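Working notes, structure below.
By letter and in written order, the chains are A, B, C and D; residue numbering begins at 1 in each of them.
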C-alpha cells in the first residue's frame, strides 16, 4: 500500500490532543504553580531553561576567548591586567560549561521530562527530592555568579592546588558552588536509579527499556558513585585554603598530585556523565528516524554499563606528565584503551541501524549524523592521547583542547540539540520549521569543524593551552578557529530562534510526529500532568511495524489489528476529551 | 535529605484518579510495598554516596599515615583513648535503640517507638557532649590543623585561650532552655501533643551536658592526680631511652636535621605534661622518642648525603610536634571526626522529626519506611565511627 | 520488577507482607558482641603487634561492621540488590584508595624534604647546587 | 603484511608533514619515534574514519525515503558481526599501547652519566642551575649527549615542554621531577654582524626572542614553554633551549654568564640580572603595581610592612628580602616571592642593590645619575 493512506478495517490508536485543563503546561496557572511544582515535566522544563541560560553565558565567554586569540598579542583584553582577565574568562567558560551546562543538560533537563514518561510512570520516585535538586542547581549557579561578581575565578575549572590555595580570586565561593551542584546531580541520579528500578510498568523488562533509559541508568550510577568524591575533595580544598590542613598544599607538607588523583577520580567519570546520555539519545534518534529496529540492542545497552564502570579505572590519563610512577602511568594507559572499545561498538551499531532503513532527514536526524561524524573524530583522537609516548608531546596542548571539544561539544551538545529538536513537539506541543532546523544543524556542523580542526594542528605543533598570548607562527590557525567560532555561534543562534518561533507560530504537534514506538509518544503532546491514566501496555520500543503515516493529519498512528486486542488489558485509547481533536 | 526521601505524603491528591490510596501512600505509587521498596533503595543509594564521600578522607589518612608513620604515632598519643572508647560504646548503644525503634514501628508499638527514639537521641547528645570536651581541650592546647597549629611543648596548657567549651556549649544550652520553656508552656496550655513531644526532647537536650560532665571527669579529673605520681617516678624517661634504639630504624629514612638542642629541656617537660594530661595513653614513650631523636640529630652534620641525586641539598627536621608535621595528623583528625559529627547533627535533626511523627502515631505496619530509612542512616554513621575510633585513637 | 510482582496481591489487611521485625534477643545479642569486640580492640592496643597492628585493628572493626550491617541494617532480610549495591560501593572505594595510595607510595622517594620557614628552631636553608654540569 | 602496516603510514606521514608543518622540527632522539607513532595512530584512525563517514553519508543518500515507507529490513542483531567489530579493533589498540608504553619507558628512564642540570621554576620564569653557582634562565645543553633536568618548583605547578624535543614533564612543588632528552640537532649561530646589529637595535631593552629568533649571544634556539597553567603570566613563561656543538663552546658560554665581567659596573650587571632572573616579572620600574612592589619607589623609601611596622628599604632590607622574601613583606602584597638563597652570589646581590639605587626615586640622586650614565655607556 502507498505511504500516507491508512489500511482500512484495522483500528487506529491515537491519544489526540490534551485539553488545557490536562496539559501539564496549563493545568495550573501562576508562577507559584511552577516554583513549587512537583511535576517532573515542569521541573524538566525549568532545567531546560536554566541550562540554556548557563550555556548562553558560557558560550559568550567562549566567543570572547576566541576573539582575544585572534591576534598573537591578544585582541580583546589590553593593559597590565589583560592576562588576568583572559584567565578568568577561560576559567569561567570551563567551570560554567562543565558544572552548570553539560553535566545537568541531558540527564536533568531531558531526563527529568522523559524518564517517567518513557516508563509509563506517573512521576519519578521522589518528586520532592527532584525539585530540591533543581533548586540546589539554582543555588550552585548563584554561587558561581557571586564568585564572578566577587573577585572572579582564575584557577582553571580543575582547581589544581597549590595554585587554587594561593590565588586571591574567590575560589571558596566557586568550590562551594560546585559542591552544591554535585549534590544536585547526585540526587537526580539517585532518583532515576530508583525510578527505573522500582517503577517500570508490568511487561517492561530490562531489555524492553528504550536505550535512552539504559544510558540514563548508567549515567546515574556514575553520578551516585563518583560525585561524592568530588564533594569531599572540594571540602578539603576549602579547608586547605581556610586553615591549611596540609593535605594538598606542599607549603604544609601536602602533595598536589594527590589532589589531582582525588579530583580526576570524579572528573573523569564525569566525562561519561556528559557523553553517556548523548549515546542514549542518538541510539533512539537514529532508530526512530531510520524507522528501523535498533541494531544490536543488547550490545549497546551493555556497552553503556561497561563504559560507566570502566570509566572509573582510567582517571590517571589526565596525569601522565604529572610525575606519577611509571607503573601507575602504564596501567592507566592500558585501561584507557579498554574504554574505547564499547564506544566503537556503539558507532558501528548506529551505522548498521541506518543500513537498509527508511531514513527521513529530519532536523533531529541531521544532528544525529553530525554527532556520529564529530564524536568519531573526538573518540579517535583520544587514541593519540591515550598512547603514552605521543601524549608526552600532546598533553596540555591545543590537541587536547580540540579533542575534548569534539567529544563534549561535537558529542554532547550536538546530541542535546538533536534531543531537544526530537522531543520539542512532545514537550511543548508545537512543530518547528524543519528548514530552519536543518539549516541550524548544517551551520553548527560547519562552524564547529572550522573552529576545532585547526586546533589539532595547533596542538601537534606545540601550542600550549590556556595561553593568553602566543608566538606569531600560530596566528593563522588561531584566526581560522576564531572565524569558525563565529559561525558556530551563529548556527546555535539560528537553532534557538527556530525553536522559540515555533512556540508562537508553530503548528500544533500530533501525539506522534516522528513515528516512534517508545511510550512517551503514546500520550498526547504535550502530555497531561498525570502522564498516563493507567500504566500503558508496553510493547517493543523499537518495533515500527504497526506505525503508519497518516498523511492528511500529518501524524503517525498505531494500527491495531483487531485480533491483538485482549479486552481486560486494553488501555483507554480515547481520553474523555478526545472529541475536540476530532 | 533522608527526610525528603522518606517523606511520602507527596501532595497531588487533587488527581481524582487515586481512589484506593491510603493517606500515607504517594499518588505515583501503586502499593505501600512499592513505595517502601523505592524509599529503601533510595536510602541505600544515599548510603553509597556517603561511603564514597568518607572514602576521600580515609584515602588521605592512608596516604599520610604511610608517608609519616612516626608523626601519626606521636600525635595519636594526644587523643584520649578513654573518651574515644566511651563514645564508641555510646554510639553502639544508640544503634541498638535505633534498631529497636524500627522493630517498634513495624509492630505499631507507639510508646516503645517514642522511647527508643528518645534514647537514640540522648546517646547522640552524649556523644556530642564528650566530643565538645575533646575538641575544646585540643583547641586550648593549640593542637590544630597545620595552618592554626600553635602547640608549644614548653607550655602545653596556655591559659589565655578563649573559652572554647563555652562557645560549643552555648547553642545546646539555648536549645535546652528553649525546650524547657516549650515544655512549661505546653503543660500550662494543656496541649497534650506538644507536651508529649517536649518531654522527651528536654531529656535529650539535658543529655548533652551529661556528656560534657562525663568528658570533664575523664579528662581533667585525673589531671591533678597524675601530675603527682608522674613527677614521683622518672620511669617515663628511662623507658624512653630504652625504646630509642628500637625506634632508630623507623626514623632512619628521614633526612638528618638541624634542631635547636636548646629546646631539649622544655620538651622533656612537655612530654611529662602529655603523660599527665592523657594518663590513659599507653605509648607516651614514642612521644619521647621523637624528642630524643631530635636531640640526637642536633649533633649530626647539616649536610645531607643524597644531594647529588636530588639536584640540590636540602634540610628537614624530624621534630614531630611542629605545625607542618603534626598539623597533618590533626587536620585529618578534625576533618574525619568533624564531618562525622556533622552527620550526627543531621541525624539528630531527622530523629527529632521522627520523634514528632512517632508521637503523632503516623507509623504503622504498612508504613514504617521513614523510621527504617533513618535507622539505616544512623547505623552508617555508627559504622564509620567503628572505623574512625581504632584508626585515630589506637595507633601504636 | 519484583515490587510489581508482589504488588499484584494488593496491600493485604495484615501488614507483615513486607515488614520483617527483628527479635529483641537478636538485637541484644548483637549489641553484646559489639561491646565485647570494642573492649578487645582497646585491650589489644596495649600489646605491640608491630606490622600486624593495623591489620588486627581493621579486622576487628570489619567484624563489627559486618555485624551491624547484617543485623541492625537488616541486610540478611533485605533484598539482595540493596546489599549488592552497598557492598559494591566498597569495590570503588578500594579502587580509589589502592590506586592513589599505591602511586603516592611509589613516588614518595621524590618528595622534597621541606624546610619549615615558620619554625624558628630551623637554621637558614643551606642550598648547594647540582654538580655534573657539562 | 604488518611490515607494510608499519611502513605505509611512515612514508605517507613524512609526505604529509613535508607539505605543511604538522610538527615542529625534530631536534631530539625522541622526536622521530614519537612522530612515527603519531602518524601510525593517525593512519589507523583514517583507516576507520573514512569507511564510517562514507557509510554515514552513503546510507543517508541511499536509504532516505518519504515518510511512511517501511524499512527494507529489520535485522535486530548479528552476533558474529558484532563480536567481530568489537574484537578486531582491540588488536590495533594493543599495538598502540605497547609501542606507546615502550618508548614512554625510554623517555622515563634516565641513562647513566647524563649531564645533570638543575631547573627551578617559579612564577613566572625559569632558572637553570649549571652548578658552581652558575644560574641562567636559558637552557644550554650539549648536542648528542643525554641531558637530565632535576626540576623543582618554588610556588605552583609548572610544566616543562620543549616541542622540538617532544618532551614534557610537570614541575610539582614539594617534589623533584626529572626528565631527560638527547638533542641531536645543534643550534647554529648567527653571524657576528647580524648579532651586533640586533644588539645595537635592541639597545639595552629586555631581549625580544620572538623578534630576533636568536639569543643575545647569537644562537638560534628551540622554544621551551610552561604548559601547566600557573597564573597571570603563564603565557609568557617561556625560555629558550640552545644546543651547543662542543663542550668548549658550552663551557665558554657558562664562563661568560657565570659572573660579572671585570669590565662591567655593578649597576649594569644588576640590570642584566633584573631582566634575566625573573625580577622583571613582578617588579616594575615605572611605579606600576605588579605582583611585587615597583622598584621605582623601593630603595631608600619608607615601606609599611604587612605586620604593621614600617621600615626603610636600605641595603640590608633589600638583601634580606632577596634571601628570605617571606619575612618582611610590604603591606598590600602577597608573600609569594621565592628565596634566592644560594642562587645569587654576594656580588650579584650587591650589583642588584646598586642597580635598585639607580632606578629608585628615593635613592641618592647623585648615585642615580652616575648609575644611569654608566649603564647607558655600558650597553
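Remarks
Rule of thumb we're sticking to: a residue touches a chain if its C-beta (ideal position, glycine included) is under 8 Å from a C-beta of that chain, and two chains touch if they have at least 3 such contacts.
Note that the coordinates shown come from a computational prediction; the quantities given were computed from them, not determined experimentally.
Look at the CA centroids: the one farthest from the centroid of subunit B belongs to D. Interface comparison, C-D versus A-B: the higher count of C-beta contacts falls to A-B. A summary of chain positions shows that the Cα centroid lying nearest the centre of all protein Cα atoms is that of chain A. For the pair subunit B and subunit D, the distance between C-alpha centroids works out to 48 Å. Inter-chain spacing, taken between the CA centroids of subunit C and subunit D, is 44 Å.
If each chain is reduced to the centroid of its CA atoms, subunit A and subunit B end up 40 Å from each other.
Centre-to-centre spacing of subunit A and subunit D amounts to 37 Å, using the average Cα coordinate of each chain.
Multi-chain contact residues, meaning those touching two or more other chains, occur in subunit C at positions 3-4, 81, 89, 92, 96, 100, 104, 107, 110-112, 114, 125-132.
Shared interface positions of subunit B, i.e. residues touching 2 or more other chains, are given as 34, 37-38, 41, 45, 48, 52, 55-56, 59, 63, 310-312, 323-324.
In subunit D, the residues that reach two or more other chains under the touch definition are 116, 118, 129, 150, 152, 173-177.
Residues 3-4, 6-7, 10-11, 14-22, 24, 27-28, 30-31, 34-35, 38, 41-42, 45-46, 48, 53, 57-58, 60-61, 64-65, 68-69, 71-74, 78-79, 81-82, 85-86, 88-90, 92-93, 96-97, 100-101, 104-105, 108, 111-116, 118-119, 121-123, 125-132 of subunit C are the ones that touch subunit B when the two sit in their complex. Note for the complex: subunit C touches subunit A at residues 1, 3-4, 81, 89, 92, 95-96, 99-100, 102-104, 106-107, 110-112, 114.
Those residues of subunit C that touch subunit D in the complex are listed here as 107, 110-112, 114, 117, 124-134. Residues of subunit B that touch subunit C in their complex: 22, 30-34, 36-38, 40-41, 44-45, 47-48, 51-52, 55-56, 58-59, 62-63, 66-67, 81, 85, 88-89, 92-93, 95-96, 98-100, 102-103, 106-107, 254-255, 258-260, 263, 282, 302-304, 307-308, 310-317, 319, 322-324, 364-366, 368, 372, 375-376, 379, 382-383, 386-387, 389-391, 394-396. For subunit A in complex with subunit B, the touching residues are 38, 121-129, 132, 186-187, 190-191, 193-195, 197-199, 224-229, 231-233, 235-236, 239, 242-247, 252-255, 258, 262, 530, 533.
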